[in-house]
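Consider the two complexes below, in which subunit A is the common component and subunit B and subunit C are the respective partners.
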Partner chain A sequence: MGYKIKKGILYFLLILLAVTCLLPFLLMVVNSTRSGAEISTSFTFIPSHFLKENWEIMTGYFNLFVGMRNSVLVSVPATLLGAYFSALTAYALAMYKFHGNKVIFGAILVFMMIPGQLSLIGFYQLCTKLHLVNSYIPLILPAVASPGTVFFLRQYILSSLPPSLVEAARIDGAPEIYSFHKIVLPIISPAMATMGIMGFIGNWNSYPLPMIILNKNEKFTLPVMMATLRASLDMVRNQGATYLAVTISVIPILLVFCTFSKYIISSISAGAVKE
Partner chain B sequence: MKLKKVLAVTLAGLMLTSLAACGSDAGTGSVGTGASGASSTQSAASDSAGSSESVAKAGDKLVVWTLAADLQQFAGRYSEQTGVEVETIVIEPGDYPTKVQTALMGGEKEPDIIVGEPQMLEDFYNNGFFANLDELGAKDYEGQIVDYVWKVGQDAEGIQRAISYQITPAGLYYRRDIAKEVFGTDDPDEIGKKFADYDTILQTAQTLKDAGYRIFASDSEINYFSGDSAWVVNGELNVSDARFEYMDLVVSLYQDDLTAYANQWSTPWFQAMSGDVPILTAAIQNYEDDSVNVWDAATFDEATADLERTTVFAYGLPSWGVLTMRDNVGETSGKWGVCAGPAYGFGGGTYIGISSLSARKELAWDFIKFCTLNEDTADWWIEASQGDTVSLISALNKHKDDENAIYGGEKLYAFWLEQAKGIDYSKVTKYDKVIGDAFGAAIGAIKTGQATKEEAMNTFYDTVESTYPEIKVTR
Partner chain C sequence: MKKGKKLTAYNNWGYVFAAPFVIVFLIFSVYPVLRTLYLSFTDLKVMGDAHLVGFANYQRVFTDKFFWKALGNTVRIWGVNIVLQLGLAFLLMVVFSDIKYKMAGLPVFRVLYYLPNLIAATSVAFLFSTLLDWRYGTFNIMISQIYKLFGARYNPVDWLGSVSTAGNTIAVIQSWMWFGNSFIMLMAGVQGISRDYFEAAAIDGAGRWTIFGRITLPLLRPIMLYVAITSLIGGLQMFDLPYLMSNPASASYGSIQTVMMYLYKFGFTAGTIQTGYASAIAYALFLIILSASLIQLKIFNRKE
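Our next item is the complex of A and B:
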């Protein structure tokens, strides 16, 4: 009986939490069907009938699919590179004992705390000198060094990758990089998937850097394009269209999440050594 | 053991996902501090632009970085008429200064045309972002543009750096039917006298309250008219008596129950444009009483069912308010009028200039002339924007007899031109936004009784001192 009550309370709280998380989503979807005037004068969860108008306003400003393609071109490579190279770094820091290991790890921790927006002008100048303005390279390449991911993966490797596994591979004569690919990567894949999802969301929603680096409409990523809806001074009218654009732009994130979360769950059973 | 770890990882991921997703729901931003409205009615007017002296020829290219989508329409029309390819990059207004600063300081030569709103201009001038328009011949056009706009476009040395295609003088939008009932007249000149100074406004407010109306929906409606002295004079903070009088006015409007206690841009504020609204209480406005959510119209009607209702008399907005009102007046269309406020004021406006790093200055100057000094363009823009107010004097004169049906057939262009003549731009400084906000916060604290006048003013002085160490503050 007591167990049931406890469970009941727990479920109630969890449902409440889920509802609070999902309501803004629902509101966003509902608002994408309402006109700007309706949004500014009232608040409701009942959809209206301005979806088509909002779509027309939005397409009048930009081509959403071009933005989506551009965002994919930036986010996917940045996420993959970020996850792979962070795993390499984290593995080295966790598994190998060498001089300076602690110093490097300390430095990475310090870099985690420096906000990236600090050196925008310098970064822009660098990009001008390297002729990289208007290119996706300055948006993708820096993802290779993501201290947060390295930190997370290192802790994960320390806690869940038994060194004996790699040692076994070494005894059998496997090269280091081979054992990394065949043994380490599958084991840490849940953590990589988690960081991958976060990295993808971060890259997908990234705004200041693309806004600064990209100077061509046809190269704008989705968030930069969507911001132009706010440049019209008739913002009240554009609110519905903004909601619609945001709603559509969230779809890829959900897709990525669904794909990767399955991956996380499937590797739960992938135990290698009995603890 | 393993399960727990994986679960923790998954949960952390989930949490961050939902956070990020909620974060992306940021479409509602702040509302309307800019100038005009974009519209899709592209009038296919003739192309008899004064292109005889134009340097533009087909095949040329121009890059425009703008924060107002308006310029996209201008650019489209320019391309049509001259064959010049214009690439317009629209950047969100909040990020525009960052973008331009980063790019131009980084030596970017790409943009030919850059723009700015009044509060950005001084920094742009000081950093040398704008090219000298006088060298391109701007002097020849002096007097053709409304004076204050021309002055805003000049840097400290009086060199022309930017020109705007629109004027944004402030006016008071009032209900003609109520004016007739209470004051016996709806004539803009007569009603203007009811707003002549702060004491008169308080009297007017009382008269209206006695008649069952409220003068304003919010207590911030006079804000646009309160800048008749500069905030900073010779590097010293200047809080004139008029500022204190304005403070007293707001406090009285609030404490004597003279407004409908709506916040500007909130649900009841918009609703009051189209008819009667419940009179909220001071506690609701400052969120102490949360029984009514002013941002939530679904529950709003229900929550305020027992409250007394009233009709609001007036709004104080710049000329772009014509468009805001148009979209919200509903059935009260035609019952509105516009009159002068207690002082001259203006809000917003987009100023067009040439990047000092541009390699195509001649062509860029041609584009600026097309946007600002071409009567044909001005005619077209008045129609395309459905009522934006242009800055070209000849165009304003040409349209001075145009009647606006929403405002009872008032001749608004003539009115705005008259208001614009009174604006003294020398009172505007780059500190206005921060100091104005801090002063607003002080007024807010005083009117709600959170702080005494002395405490609030000390906080205000502290804020100014710490934000701008270069300003001398005398308490």
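Our next item is the complex of A and C:
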């Protein structure tokens, strides 16, 4: 009796917390169908019919889809480069004995600990010198060297790739890079997918760095574009359009999450357990 | 002998495969960090030549009362945030790992709690600054309608604009974004504990709180340390939310300007750029983060 009631209370609290997580998004979606004047005077969960007007106001201010396209142009190559080269480096560190192997691994550990702000100023200066301001290269190319991903994949290779597989291929005369592509990559692809999805989300949401590197409106990624919006609008007139903009900006990442939530959760879990 | 030679030849592929990483790493990670270090000892402003000035910038940082104010703000916001975030994650972990109630639905709850963490900080900041607008925002209107139901009158609070609430508001939003992440990590730790321990303890007749205190907690310590240190490193670098949700013209700005915002002012805001000084702020913050992490590590290890 007491057991069932207590359990019921626990479920109620858990659901309440879940509602707290969703409420802002729910309000966002509902408000994007209401007019600014409606939102400014009353609150409701019932959608109104101003979606079209809000859309027109929003598109008059900026084109979110250019931001989305730019974000894709940055995030997709960065994610693919990051996944491929991290796997290659992790394989080198896990499978070959060569001078410098330990030094590279040590540097990876150190740089996983170093906070990003230490490189920010030097990074910007480097980009200025190399004339890479307003280019996507400084947002994409550094993904080739992702210490965290290399660390994770190295541990994964050590625990799940039997060296005998690669040795057997050597006896058959297979070139090393061929073994990497045909034997190693398929085996570690679940781990690469996990890291790749997290990398994609990180790149997609990345904020201070793109803001520093990009200063032309037509180059802005989605988060930078959203940041320019703040506090610049007439609340009563534009509130509905504002919510619509946020709603649209959130949709792509929600789609990614719906498809890959299993991988995402497992990668956070793995991040904790690896320590 | 021949075989040994061949093996060395194979091992040389290690250089080839690691080369792209090493080159990009040296250029885009190592060089910028060292360059910032060098600049922190110079008087570089926006352009022109950099002259070495010794420790002058560091002396200035550690005597700059705005830096300390910003550090205080960061620690205060982070403190409220971390208590809420880890407290909530911890409670959830206790609920879901309880062997008496055996709560179902973990996969669903986990996903829902994690959801806010996915959204770009810029979208979250913009969503909440609109919801929390004191005159026209949905949040205050919602509260005032609830008040009205009870016949009371609500005096709208300027959540982000007033000194007394701005910091805590940001801390709460930050916790809302991150508690699911901490919860998943703690839960992963619990699920990593071998079932045998629990069963053996249950056979010995240990109660569920004894099991929790004697088995779950001690075995979770490494993960709790990891969560605490990563959130400290992230927390002291707090930037996105306070930067995007504050307005230099509002009264609350001085109470929510974080160290990273202060650094940003000297590093990247046109008109106030002092690159050398900004670099010194970056390294001063790094030293503070490093010592705080070491202290945390010490405290955790002493308990053992």
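Things to note:
Following the convention adopted for this analysis, the second predicted complex is superposed on the first by the 175 of 275 C-alpha atoms of A that agree within 3 Å, B and C clash if a C-alpha of one lies under 4 Å from a C-alpha of the other, contacts with A are read in each partner's own complex, and residues count from 1 in each chain.
Here, a residue touches a chain if its C-beta (ideal position, glycine included) is under 8 Å from a C-beta of that chain, and two chains touch if they have at least 3 such contacts.
Remember, it's a predicted structure, so these values are computed and weren't measured experimentally.
When both complexes are overlaid on chain A, the residue A:43 reaches subunit B and subunit C alike.
In the superposed pair of complexes, A:60 makes contact with subunit B only, with no contact to subunit C. By the touch criterion defined above, A:76 lies against neither subunit B nor subunit C after alignment on the C-alpha atoms of chain A. With both complexes placed on chain A, subunit A has more residues touched by C than by the other of subunit B and subunit C. Looking at the shared chain after the overlay, A:174 reaches neither subunit B nor subunit C.
By the touch criterion defined above, A:257 reaches both subunit B and subunit C. By the document's definition of touching, both partners, subunit B and subunit C, reach A:205. By the touch criterion defined above, A:216 reaches subunit B but does not reach subunit C. Once chain A of one complex is fitted onto chain A of the other, the partner contacts of A:227 extend to both subunit B and subunit C. When the two structures are aligned on the shared chain, A:7 is found in touch with subunit C, with no touch to subunit B.
Looking at subunit A, you'll find residues 21, 24-25, 27-28, 31, 39-43, 120-121, 124-125, 201, 205, 208, 212, 226-227, 229-231, 235-236, 239, 242-243, 245-246, 249-250, 253, 257, 261, 264-265, 268, 271, 275 touch subunit B in one structure and subunit C in the other. Across the interface of their complex, subunit A is touched by residues 1-3, 5-6, 9-10, 12-14, 16-18, 20-29, 31-32, 34-40, 63, 65-70, 87-95, 98-99, 101-103, 105-108, 110-111, 265, 267, 270-271, 293, 295-300, 320, 323-324, 327-328, 348 of subunit B.
Subunit C meets subunit A in the complex at residues 10-18, 20-22, 24-25, 27-37, 39, 88, 92, 95, 100-101, 103, 105, 109-116, 118-123, 125-131, 133, 135-136, 138, 141-142, 145, 176, 180-181, 184-189, 191-192, 222-223, 225-227, 233, 236-237, 239-240, 244, 247, 260, 263-264, 267-268, 275, 278-279, 282-283, 285-286, 289.
Residue ranges on subunit A touching subunit C, taken from their complex, read 3, 6-7, 10-11, 14, 17-18, 20-22, 24-25, 27-28, 31, 39-43, 85-86, 88-89, 91-93, 95-98, 100-101, 104, 107, 111, 113-126, 138, 141-142, 144-145, 147, 150, 170, 176-177, 180, 201, 204-205, 207-208, 212, 222-224, 226-227, 229-231, 235-236, 239, 242-243, 245-246, 249-250, 253-254, 257, 261, 264-265, 268-273, 275. On subunit A, the positions that touch subunit B within their shared complex are 21, 24-25, 27-28, 31, 37, 39-45, 60-61, 120-121, 124-125, 127-128, 133, 156, 159-160, 190-191, 193-194, 197-198, 201-202, 205, 208, 211-212, 215-217, 226-237, 239, 242-243, 245-246, 249-250, 253, 257, 261, 264-265, 267-268, 271, 275.
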